[in-house]
Structure formats: structure tokens, C-alpha cells
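This is the structure, below, for whatever I ask next.
Chain lettering (A, B and C) follows the sequence in which the chains are written, and residue indices restart at 1 in each chain.
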């Protein structure tokens, strides 16, 4: 357990915890209202009580929208915080070391990302529910909100556990150890070589684009899930080396720092948005606009990652 | 066009309840001019509010062009109020601190019309209501009649098919009441369906009233 | 739904109802100014300290025995020079002098004026240094805080030190350090290293500590290991440890403020919540009119949220401007002393602007986001006002 003052009193961590805890208060009230609505909602009745319940649902809608905005701001801020904390934690040169300093770090980051995508899906469902005339998805969206609420509670706990277990005394690994240089000890899944990884990456990309074009929802879901997983490794172990122009520097965090023009944010943001649109089109039949948007964002994402790679190869004629 | 079936409205107060409307059944055809006569507390304002989508009944249904507006969600009820209904009230429900024009265009802010289209529509209704010369004046500085004409202009700007008037002449003098009646005649010529709830005898002077319905204690007489 | 007409209407509303938001706006500006001032001061001091620390040696070695720091044997210097990767090794002599008349402690630092690097550093602190002239007599350069105290007791030209051997050593005041360096030099006295040795009573063959320059940062850990195994009675301080220490110290001090601030902000949020929960008649009438003419609940929610967002953000921007003015133009009276309280002399330092986007973002997140969270429920309450309310 770290010295409380070191980590928890650093302003970035202080704010993250303060806002996440504060958000919890109205969220809990909305959760309570959602339970009341679920218990008493009767689609067939047009009584005043039903109307009152409908008005209560607007608190849920408003809160989820606000939560989305806040969580979307706090996610890159969380990454920024990790990078800042690196300067007070021995051994850490960037956020990767801080993230790996205890078991809660990665879980927190993954959960935060999942929550944002789920909230976006909720808003998509809500929009459709408002447009149709018979409250078709009303109850479903309340249940969905309850799931999201519990995930957010989990996120808060994980966050607190993560920050309070970072030690400023024992050194952590820096990204070059975490993302091991030695290919024999590679952390890439199934021990793929770089060439195999990249082939898989581009193959999946083509597969997704085709599924989106043909609107095959099951395949879209499957491929986009798999693609986000593979993309993380492709970015860390392959594309990042071309941005750093150093074959041994393999790190997904250093991309987010100012010395690389914050290119990491563009890369992850486009992947995020593309994944959302893909899921939206796969899960919701009514989301007809999402196919095209997913295609656009997947293409943008690929441009961002491939650009430095191609530039390097063209300029220098070799691969790293 | 408007079909009201078994409409009931009960208001619950602290110790007891009050039946504002008791099993109302009514059919109003397109383009009709209908006057609802009754004293204060007879339920005419309540009926108008329900038809206008402002209030929900305790039970019953109101079909407008085949759609039961009582069962609409807020999203659709708001759309109904915005596009199909123009409401003229007795009190001057206006933003006192804003100008006449700003008040009139309120319903159009939530639509997709461009600024030019909004401008055109505003000018047209201000012309009909003869209030265009006061468009930049603050509402607080207007006379009763001018405020009433602002309300009418606002009610007309979305080109609704149904015009509902709740005691429109209650706060007007004779001259302004006559001006109001002139505007109603214009609207009737346009083919609007008009419902006027009033106990002002001046309305008996209108020649083209299709029906006068008397209401007392929540039921038709 | 948010289009030009909406924005127009929003600005109209804000303009006509500005009085409603005034009290909250004023308190907000105050809160942001104070927090901003605290963060600006902290960041400015950090920048100055970091700049000074940059000139520090990479590794400092002290003799450490039985929990006490002792004078370090000069013989270690040659030993360390033999370690690969070490560029230079030097002994330092410095200590604390108790100035009886004002009951203050001054820091005496001995400088080897034949070391060009060190001389360069001293020259950045004092503009008038002519080494030849300086070394002709027993001279010293003093910080502005020291000068004030000496002047109080009429030691304008020299000061008679009393070394441990009870003799009296008169040292002339050659010059005073420039004000810009006050943060580090205010209570400092710099003199020739041999003179310092005499005054502080450091025996021959010993120095206070040893500094080591290591040009390649990747070798630091390895060299530290080699040093550690060379002697057991030793304490090793790396430059980046000092930097981390200071950053932690500032985080700590800032953190104490932060905790207090969170309490204050929370109270403010409760006030905010209360204030906007009081739905005045005129507010509910206006919302009822909007619902009446066909505005949806969520459009009204967006209207109200935007209204509050503009209030919060303008208060934030104004607060930042005030904080900037207070810290960097007025030099933060009152707050300054709280922050620099650890120094034992009054400091008349000037803060140099060191604001980065991260700092501004922290302030924004700290204030505007909680503000928005606090008003959510009041906004919802007012948006669900029944249009039929207006009929009554």
C-alpha cells in the first residue's frame, strides 16, 4: 500500500477520483428510478402514473448522456495521468510502467473502454426508442442502464484499488521490459511473428470491410471484436516501432506523449469509434447508418497506423 | 378528424378528488368552427388542454387523424403540439423580457427550418395578426390586445391544422375582441379546424359557427 | 437540435436572466482564482527548482554512520574516479552558520574557484564576479536575505565569523546575489572553499560530501551499485531522486490544499444544487411555455445544461485571468508565505509564469465537471414541468 500522500494527493489522481465519486451520486439516484420504472412500467396503461414514470426515465437519459461526456473526457485524462505519474514512480518512463505496477491497472483501463462503448450503444438504443411510437425498447434500455451502472460501480472500485496500490518506493518495469524485446519471449498471442501478426491484422481489416459492406451482422461482431484485440498488439509490437523509428522501442503508451505529436490519441480514437459503429450495426438491426460510418473509421484508423510504416519503408528502403 | 371517446379527467387534491370531465364523446370534422360554451370550472379548458396534447386524461382516447394522441410518448406528443396544434390562451403566456418576434419564433427553434425560412414565416403571421410594426418591441411594453395578437401569431407560425382558443377574449376590450374575431374568420377561410372555449356572448355574433356545444360540470348538456 | 436558432435563443435567455446566475458566478470565479493561484505558484516554484536542480550533480555521496551524516573522507575521491562512466568527482564543503543577532541560520557554501563549471553556476547568480579580485582577500557573496539581516546589525562591509577554534575570521562582503535567484540563494553565503573549511571547522582530509558527474544516464544505476559496494558507511543520492522528492513535496503540499479544496468545492456544489433547485415561478412559467409550444423534455434539458455550462466556463476563464494576475503580476501576497513557509528567511521572490495546457485542463476538470454534475438533477426537475402548469 503506497504512501497515501504520494499518489492520491497528486492533482491528476485527485480529480479523477473526485469526479468519478461525485458522478456516482446522481447515477445512484437514476439507478433507483430505473428500478422503480422497471417494477411499475405498464405499456398498455396511459395513466398519469405511467406518464410520471416516463418523466423519471428522462433523468436516466440525461444522466447517461452526461456520464458519457464525462467518461469520454476522463479516459484520455486517465492515460495522461498515468504518463504524469511516471515521473514520480521509480523506474517508470511512461504510463506503461505505471499501468503494470499492479494487477488492477489493465483491468481498469479495459473496463473504462468497455463502459464508454456500452454507453454509446445505450444512447443509440435510446434514440431509436424515442423515435418509435410504442415504447418498444423502453424496458430493455432500463435493464441495459442497470448493467452499465454496475459496471461503473466496478470501475470506481478498481480505480481506487489501482491508485492506492501504486508504490512510489518499489521500482516498476519500463515499457521496454514490459513489451519485451526478445521475440522468443514475446507477449504476442500464440507467439506469432511480426510478419504473421501484420498479415492477420490486414486480413481482418479486409474481412471487416467486406462484412460491413455485405451487412453480415454476425461476422461484423466477430471480426470487429477480434480485430480490436489484434490491433492492440499490432500497434504495440509493430506499428509503434515505425513511429519511434527504433526497432526495440515497442510501446503503446509513449505514442500518447507530446514528443510524438500525440498520434496515439488519433490512432486509438479512430479504432474506438470504428469499433463502436461496428458493434452498433451488428447488435441493432435499426442502425442502418452505422455500416458506412464503421467503414470510414476503420479506413481512417488503418491510414493512421500504416502511414508511418509506409513512410519509413519508402524513405529508407528497409523494414525494422 | 378529431374523435374523442369516453374521455375522463379526475384531479386529485389533498383530501378529495374532482371530476373535471365525465365521459366526453365528440367528433369534430376538418375545417369546423366549434364553440364550447360553459362557465368557469365547467371543464372546457381541461378538454382543450387534452386535445392540445398538453394534459393527459385519466382514461379515454383522443384520435387525431387516426392517431391516439393520448398514448404518445413525450417525444411524439411534443412533435404533435409543435406541428399540428396552435394554442391561444387567455393569459399571456409570453417571455416578457423578449421581443415580439423572438416570442413568435419559439416553436420553430426546435425545427430544421433555416433562418431565412423562419424569417419568412414570422413575417407572414405577424402580417396576418397585424403586429409586424411591433416586432422588435419587448412584450412587457405591449397592450393587452397586442399581447393577444402575439400569442395568435405564435400559434399560427407552425401552420397547424388545429387552432384551440381558451377564453381568448377574457382580457380584451370590445374593440380588440372584434379584431380577434376577424382573425378567426381569416383562419376559417384557410380551412383550419377551430375550437373556441368561451363564455363571452360576443362569439354569438359570428355567423359561420358550425356548432355550439354547451358544457357543464364536465359533461355536455 | 442544437443549431444557430437555438444558440441565439440561449444567448438571449442568458442575457435576460444574468442576475439569476450572478451570485453563483461570483463565488465560482473566486474558487477558480484561489485554486488557480495555488496551482500557478506551485508550478512556478517547481520550474525554478527544476532549473536549479539541473545544475546539480548526478550523484551525491555522503558518509553516513549510525544514522548520522559525517564528514566524508577526501580519499574516496580518487577511488570514485576509477569507476568507468564517471566523468568528474569533486569534494564539497558547506554547512550551516547560526547568526546569533537575528537567531537565523545561513547556509555557507564553499566553492572551488578553479573549477570552471562551478564558477559558471555562481556567475549566473551574481553578475559582478571578478574571480581574481575575489580571491585576493577573504571575500564572500551573500544572498539578499542574508544582506537584510546583516544590514540590520550594521554589518555593511564585512562580518566577523567565529570558527570552532574560537578565533575571529573577518570576511568581506563582495557582492549580493541577484533577486531572481532568491528562491535558492536568499539564505546562502558563497566563499572560497578553503575559507569555508576554516569557518566550518572541517578537518583536513575531509569534505562535507562528494559529487559525481555521470554523463550517460543509462549508467547511473550501475555506477550507484558500484559505489554502494565500495563502502558500507555511505549514503548515495541521485539527482532524479531529488527531483522526485521535490515533485512529491509539491504534490503533497498541493495535495493538502487539494483536500481542503475538495471540501470547499463540495460545499459549493451543495449550495449550487440548492440554489438551482429553487425553481422560481418565472422559471417554471418559461419552461412551461416552451413545453407548450412543442419543445421536448430533452431539448429543454440541453438548453438548461448549456446555460449552466456557459456560466461555469466563463467563471472558469475569468478565474484563471484573476489567478494569473494575482500570482504573476502581484506576486501572490499572503498565499506566497504559506507555500514558501519552509524557508527560514522572508522571501521576496517573483514568480515566473510556467503554465502548461495540462494545468489549465486540470483546473477545468476540477471545476466545470463537478459543476455540471451538481446541476443535473435541478435541470431535470425543471425540464419536466408540466405545460398545463402554465394554464393555472
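In the analysis below, contacts are C-beta pairs under 8 Å (C-beta built on N, C-alpha and C of every residue); 3 or more make two chains touch, one makes a residue touch a chain.
It should be emphasised that the depicted structure is a prediction, and the values quoted were computed from it without experimental measurement.
Enquirer: With centres defined from CA atoms, tell me which chain sits nearest the overall protein centre.
Expert: When every chain is reduced to its C-alpha mean, the one closest to the whole-protein mean is A.
Enquirer: Among all chains, whose Cα centre is located farthest from the one for subunit A?
Expert: Checked the centroid distances; the maximum from subunit A is B.
Enquirer: Averaged over CA atoms, how far is the centre of subunit A from the centre of subunit B? Could you give it in whole Å?
Expert: 50
Enquirer: Any idea how many Å lie between the Cα centroids of subunit A and subunit C?
Expert: The separation of the two C-alpha centroids amounts to 34 Å.
Enquirer: Approximately how many whole Å separate the CA-defined centres of subunit B and subunit C?
Expert: That pair's centroid distance is 65 Å.
Enquirer: Indicate the residues of subunit A shared as contacts by at least two other chains.
Expert: Within subunit A, the residues that touch at least two other chains are 55, 58.
Enquirer: Where in subunit B do residues touch two or more of the other chains?
Expert: 74-75
Enquirer: Where in subunit C do residues touch two or more of the other chains?
Expert: Each of 297 in subunit C touches at least two other chains.
Enquirer: Which subunit C residues qualify as touching subunit B in the complex?
Expert: The touching residues are 1, 3-6, 9, 12, 16-17, 285-286, 288-297, 299, 386-388, 390-391.
Enquirer: Where on subunit A is subunit C touching in the complex?
Expert: Residues 5-6, 8-12, 14-15, 18-19, 22-23, 25-26, 29, 55, 58-59, 61-63, 66, 70, 73-74, 77, 80, 84, 87-88, 90, 168.
Enquirer: In their shared complex, at which residues does subunit B touch subunit C?
Expert: 45, 49, 54-55, 74-75, 78-83, 87, 89, 91, 93-95, 97-98, 102, 105-110, 112, 115, 118, 154, 158, 166
Enquirer: Residue numbers of subunit B touching subunit A in their complex, please.
Expert: Touch residues, subunit B against subunit A: 56-59, 70-76.
Enquirer: In the complex of these two chains, what residues of subunit C are touching subunit A?
Expert: Touch residues, subunit C against subunit A: 39, 243-244, 247-248, 251-252, 254-256, 258-259, 262, 269, 297-298, 301, 305, 358, 361-362, 365-366, 369-370, 372-373, 376-377, 379-380, 383-384.
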